[in-house]
Amino acid sequence: MERQVDDLVEELYPSLQEWRRDFHKYAESGWVEFRTASMVASKLASWGFEVKAGREVIAEDARMGVPPLAFLKAQEQRALSQGAVAEWIPLLSGGFTGVVGILDSGRPGPTVAFRVDMDALDLQESHALDHAPAAGDFVSINDKMMHACGHDAHTSIGLGLAYVLSQSKEELHGRVKLIFQPAEEGVRGAKAMVEAGVANDVDFLFACHVGTGIPLREVVCGTHGYLATTKMDVVYTGIASHAGGNPEEGRNALLAAASAVMNLHSITRHSGGNSRINVGVLEAGSGRNIIPNHASFKLETRGDTSEVNEYILSRAIDIIHGSAKMYGVESQIDIVGKAGSSDPSPELLPYIRAQASKVKDVASIVDTTSAGGSEDATYLMERVKQNGGLASYLVFGTTLAAGHHNEKFDIDEEVMKIAVKTLALCALHTHELPLSKVNA
Amino acid sequence: MERQVDDLVEELYPSLQEWRRDFHKYAESGWVEFRTASMVASKLASWGFEVKAGREVIAEDARMGVPPLAFLKAQEQRALSQGAVAEWIPLLSGGFTGVVGILDSGRPGPTVAFRVDMDALDLQESHALDHAPAAGDFVSINDKMMHACGHDAHTSIGLGLAYVLSQSKEELHGRVKLIFQPAEEGVRGAKAMVEAGVANDVDFLFACHVGTGIPLREVVCGTHGYLATTKMDVVYTGIASHAGGNPEEGRNALLAAASAVMNLHSITRHSGGNSRINVGVLEAGSGRNIIPNHASFKLETRGDTSEVNEYILSRAIDIIHGSAKMYGVESQIDIVGKAGSSDPSPELLPYIRAQASKVKDVASIVDTTSAGGSEDATYLMERVKQNGGLASYLVFGTTLAAGHHNEKFDIDEEVMKIAVKTLALCALHTHELPLSKVNA
Amino acid sequence: MERQVDDLVEELYPSLQEWRRDFHKYAESGWVEFRTASMVASKLASWGFEVKAGREVIAEDARMGVPPLAFLKAQEQRALSQGAVAEWIPLLSGGFTGVVGILDSGRPGPTVAFRVDMDALDLQESHALDHAPAAGDFVSINDKMMHACGHDAHTSIGLGLAYVLSQSKEELHGRVKLIFQPAEEGVRGAKAMVEAGVANDVDFLFACHVGTGIPLREVVCGTHGYLATTKMDVVYTGIASHAGGNPEEGRNALLAAASAVMNLHSITRHSGGNSRINVGVLEAGSGRNIIPNHASFKLETRGDTSEVNEYILSRAIDIIHGSAKMYGVESQIDIVGKAGSSDPSPELLPYIRAQASKVKDVASIVDTTSAGGSEDATYLMERVKQNGGLASYLVFGTTLAAGHHNEKFDIDEEVMKIAVKTLALCALHTHELPLSKVNA
Amino acid sequence: MERQVDDLVEELYPSLQEWRRDFHKYAESGWVEFRTASMVASKLASWGFEVKAGREVIAEDARMGVPPLAFLKAQEQRALSQGAVAEWIPLLSGGFTGVVGILDSGRPGPTVAFRVDMDALDLQESHALDHAPAAGDFVSINDKMMHACGHDAHTSIGLGLAYVLSQSKEELHGRVKLIFQPAEEGVRGAKAMVEAGVANDVDFLFACHVGTGIPLREVVCGTHGYLATTKMDVVYTGIASHAGGNPEEGRNALLAAASAVMNLHSITRHSGGNSRINVGVLEAGSGRNIIPNHASFKLETRGDTSEVNEYILSRAIDIIHGSAKMYGVESQIDIVGKAGSSDPSPELLPYIRAQASKVKDVASIVDTTSAGGSEDATYLMERVKQNGGLASYLVFGTTLAAGHHNEKFDIDEEVMKIAVKTLALCALHTHELPLSKVNA
């Protein structure tokens, strides 16, 4: 079987590259992946997958950080003008850009799921000639949207995996579920898929990422230490007045925000583990001589555990409202992203190692590495584990032209081959997995 | 009549000096002027005044900044051991140390009131030999209580005035009312006398101060520009915890106080006039490695007008409670002092000038000067003016050995003669005043 | 002479309106008044004035708040495309948009100067149909530039005055100097004209404003109480880093700015008079999960006197640098505007009153009013007074459709007639002024 | 040998109790352990130890948090009046209260050192009858000094160990060094002993503590995770002025301190591990209406590693000086305590376990536990390890009446027997230790 998978992927490689460059050129940020998702759905359907998309896989109220409706509408039009597959758009419309493809072998066996993400960052891509996408004419043409974290490759890997498995259906047992998630950046999308029940029937879940500092041809079987996190947008609304003429009539939203910032960063540490807090963006006021009536800021909290994160969050909310009260301004807090912490299931690591070791391009295999940031695949992983399943988050190393989230980020596309091969084998050898986990 | 007053005062001068030095030696701070008040009451009675003291002239709930009961009790004992007139103590007990003496001429005429204050400062007096009270053996023997603002002289002036008027009763018309107020320092006592109705029947009110930078033998007929002010004590109560071991269990009162201080000083100015705010004392925490569960601070607000002061005060209260809310600590605010703003009645200034000009020791007379600080005689003045009366705040200049509130403060006692003479004439010539003001 | 002036102005009124509406439509903000200044220069020259423009009347280093060079260049092209008089552009190029016109009578007499300002605000004008310029088709066509403070009328008044005086040259004594100042908004331009020597030879200076709450047909002879002010832009530059992964490598410019804001607003008041401080705009950070490496804020200080303003300014500079030091970030402060305080010369007020009283349209004349804000004409006034001259700042009332700096600001144009008539008489009757002020 | 040690200790137990209760009654805080140290020195000498004390074992400049000279002098007198051994006082005078006793077997072998600490806390002991020392008449008679952390027991254990080893000298190899350290509370004393060279010749170091939550009869062979820490005292000196009259003349030390506190707690976390910062005590200002010219505060920083602690410390120092600069006040920082992090030498743990297992009173043995706080024995341990030696920090469990640093803290004295027995065996069996560590 390794041979068959290897041949299929080598043959598919030009398509993997083509897909990835196409997604790269038409980069779409979170909740507006209309073109990407429609193409994914269309291809999955053409390969014999049962396809679910839109509200069936995205719980409306559990979405976080959704852009305004007008923006969603405009982006939908943009996607159509850029070649979105029109028949799928009605399902996706309004920011329901998740897709799930199911392939049932008809044979007994577990449900094995793979999760990839599809969204780009809100970043203007470099047009410098030393940046391969620019030189190669697949630089993003969408303003302030760029695949600078490799999700274009993730989507292509998901498609490649779908294709390979559709061609290997005879070898499959149980069911395969391919989860294409929107809005991972800002950890906004996974919770809505979990709430829609996408992970409820999953026995084994494999999520993955490319890059992250791991060298090409190295595979990491599991990632631990994702920090629990919450993302918030805060708006303060005060009263403007002339700073020289009648300052006492104003209610100063900028001062309230400065006070909140100072006090937020002063939250006492928790003995239960590391924590973080950052106000990353602040904008306030309209003119030098006007008492500012508006301030908005974006912040995030993190913690080694959800308990630590919730502690920081709870203190932060008191501070945000307390500072508003001090200055007589109105405060509004929007939770725009949230992720937990989820370590890989130890039982799954040797299985992944075994599959990766069958892939000839793989040069080294590492059991686990430690993550620095946050990831909302943890929501899917936790749901699977709650139901008695196993889950892990793999990393496939690749050479990076510049760091993640940099305007010149680029990958060595060879990583896509390694990922598709490894994951395909993970799907095909589930009889090697602990039986107690199988829905027999 | 000028001659008669002049003779009486010159004859009385040794007593004025003796009284003042006695009060200086047995200095008593606000609300514990048991010895002083009892002696005042006793003397007034002996000179034929109707005397009211204690709760009759002090409204209990309107008192501000009253010390704890245990301290009041201990001071009462201290006063008795230092020669307080025992028969008056029951009335004064518990911090009701105000005295009012009334002399009714039996003839038609207005009610003319004079207000002096009796309290010392919470200050340790210098024992240096270049400090006259130390050299002259009348330095304060009461720990951390010192007459460093001249109220010892004020009380003596009030007594001298009482004596002179009692000797000139045949020349009087209407009634004379001598108001001996406790707890002027910290502007704590006048409001309680106003609320007790002390000023309700007053047609003309003369308050006064010695010193304040005015040279000896100069008389200022009225003082304008007293800043409205409020004095507050704030206590924050949080939860202590070990700063290394379990910091998250604490609620940090010190941080809440630091935040309050920063934000209090940031209150936006008012276009209606100058304002001030000052947190003058802050104490917090119990140990370097303990999350502080206690913080207390003393602050004051001021404004050119009561409106400006109330604006600052209102913003301050929001900030104090808002900062507590931010840190999850309990907040308690005590208003421990309050004074308004009250300008002299213009109609009264020429009258005062006329009387002062009859005093041979007076070298120069100024209509008005501008005050820098605050004074709760303004409460009495405002009440008189509300009822259609006239009021002014005089200053009698004197040579100062050191500034007010300094540990070496001392006066030239000659000022007492000038003050008694001027005020006695003000009491005796009320027929020169506008008739519409007279309770005829 | 009054009759002659009156006739001339009535005849000129259609031109005054036409000029003002033209300037309104082609509104140009501070330092880019290329079209306006070139047209002013051209007209003055055509009426026989000696014209000085550009670097001769604008000291390069004394300019404040000059936009970046690229913007200046683009605006110069914009001005040329909108009908700027090309021959004058080389002199004005690079942001030297001041113009001075001199008319010498050839007869002995004083130098009488008039100062008007030419710049628009950075404001988007309303296109609502209830806004007369929109309805009348002279709404500003320049993006985010709008004459919302009446400087279009001021420029027209200056031109009208020039025309009338050129027609009345036989009646003139001494010299007339018309000063057309750029960049009054943000008090950026006057200092550069003073430093270029524009005011050095002036005996009598008349500056003026329309509106400001004064009713139509009322003339105010002088304005006192302009607040001394300083405008500053601050930039903090820190080091970015990932807020989750390696926060310790960052240097947080946003926190430094928040701390600066808190402490700036906490500057202790000055007993010498009212003061103000306001941070009106703050922008910081680039992403929620990035330690912010950039912060910029705009602030202003004010004081009743220059001493008070300098005190606040000096404390503010310490705080701005001190907060940067706390956070290890670089700080840069640009002074982008500055004005002093200058009261009208008392000797000049009766002269202005006398001239205004000869204008039949004038319904009432007021000696002085109190200003609420700041004005850099004070620089020119102070220089004139330092040299023994007299100066005043007049206000010509007019009906306003909305307040100054509002997107629907509009005036009753009749005020231009009143202003030109009054100022022309002020120029023509200088023999009535105190002789000691005349350069005889 | 176990039998001999066991017998000796059982016999000695009444003395151990007596000594401990005596030290408890005459509790002496850091750097004033004159009575304790003199008695230790005297006993060691009487048992045949070579005794070094004072400046020979305490490097003057490396002492931290030494009280003022007047206090040292007064305490020296107090110690003499309470039975200090007079002949040793001259060496200890001035706060050099360290003692080292050396017992040389004359046989080849390593230098084995034991470190105990002698100081009490600045705490008022409870006199409640449910507090055994109060009931048993050995409650501390020294005001605000109490052995609430068990150092009285530590000193007794050190003495007991000295006695047992002096009686077992024939069984010893190499040298034994008993280190009696002053001023462990506030981590002030160890560095001065290290700088004096006390640990330079040590091959194996055993430090120990009683209690810390470990049950009686349990022995912990090593403690890891001591947090690196720095203790600082900060004084700000500004300029006082009247808050109403001339606030601008003041330089506000209280505001500077509030700003420092806010910003200190805002220091960004370090990715290298947990950190802490706490301003535990703050005092500022002298009167409500005075701009405060004085502020002082006590703070501590901590970190999982010295690198993390140094990072926090370095940022803190910038903030302390930066905030002073903002307010124009003088700042002074005193480092009053410092400790590092030092994990136990793994090679030593089985040796300690082996010895403890020979002690019949020991019920359970644990390899390592994790510490919550900080300990300056780490300085001695690090020095030993730098020279190729081995070191560990043991804990001997005991039942506590109340937590460490509580006014009712008390121990079960039986722990002293277990500690002396275990440590004596550690001294006597060094031939079982790795040979490479032996100075042969």
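As written, the chains take the letters A, B, C and D, and residue 1 is the first residue of each chain.
Operating definition for what follows: a residue touches a chain if its C-beta (ideal position, glycine included) is under 8 Å from a C-beta of that chain, and two chains touch if they have at least 3 such contacts.
The shown structure was predicted, so the numbers you read here are calculated from the model rather than taken from an experiment.
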| item | value |
| --- | --- |
| Reference interface C-D: repeating pair among B-D, A-B or A-D with over half of contacts shared | A-B |
| Most distant chain from chain D by Cα centroid | C |
| Whole-Å separation of chain centres (CA-atom averages), chain B against chain C | 51 |
| Centroid distance [mean C-alpha coordinates] between chain B and chain A, Å | 70 |
| Numbers and ranges of chain B residues touching at least 2 other chains | 245, 247, 255, 259, 262-263, 265-266, 268-269, 271, 276, 291, 372 |
| Contact footprint of chain B on chain D as seen in their complex | 186, 227, 229, 231, 242-247, 254-255, 257-259, 261-262, 265, 276, 278-292, 295, 298-300, 302, 372-374 |
| Partner chain D, residues of chain A touching it in the complex | 262-263, 265-266, 268-269, 271, 273-276, 372 |
| Interface residues, chain B side, partner chain A - complex | 245-248, 250, 252, 255, 259, 262-263, 266, 268-272, 291, 311, 315, 318-319, 321-328 |
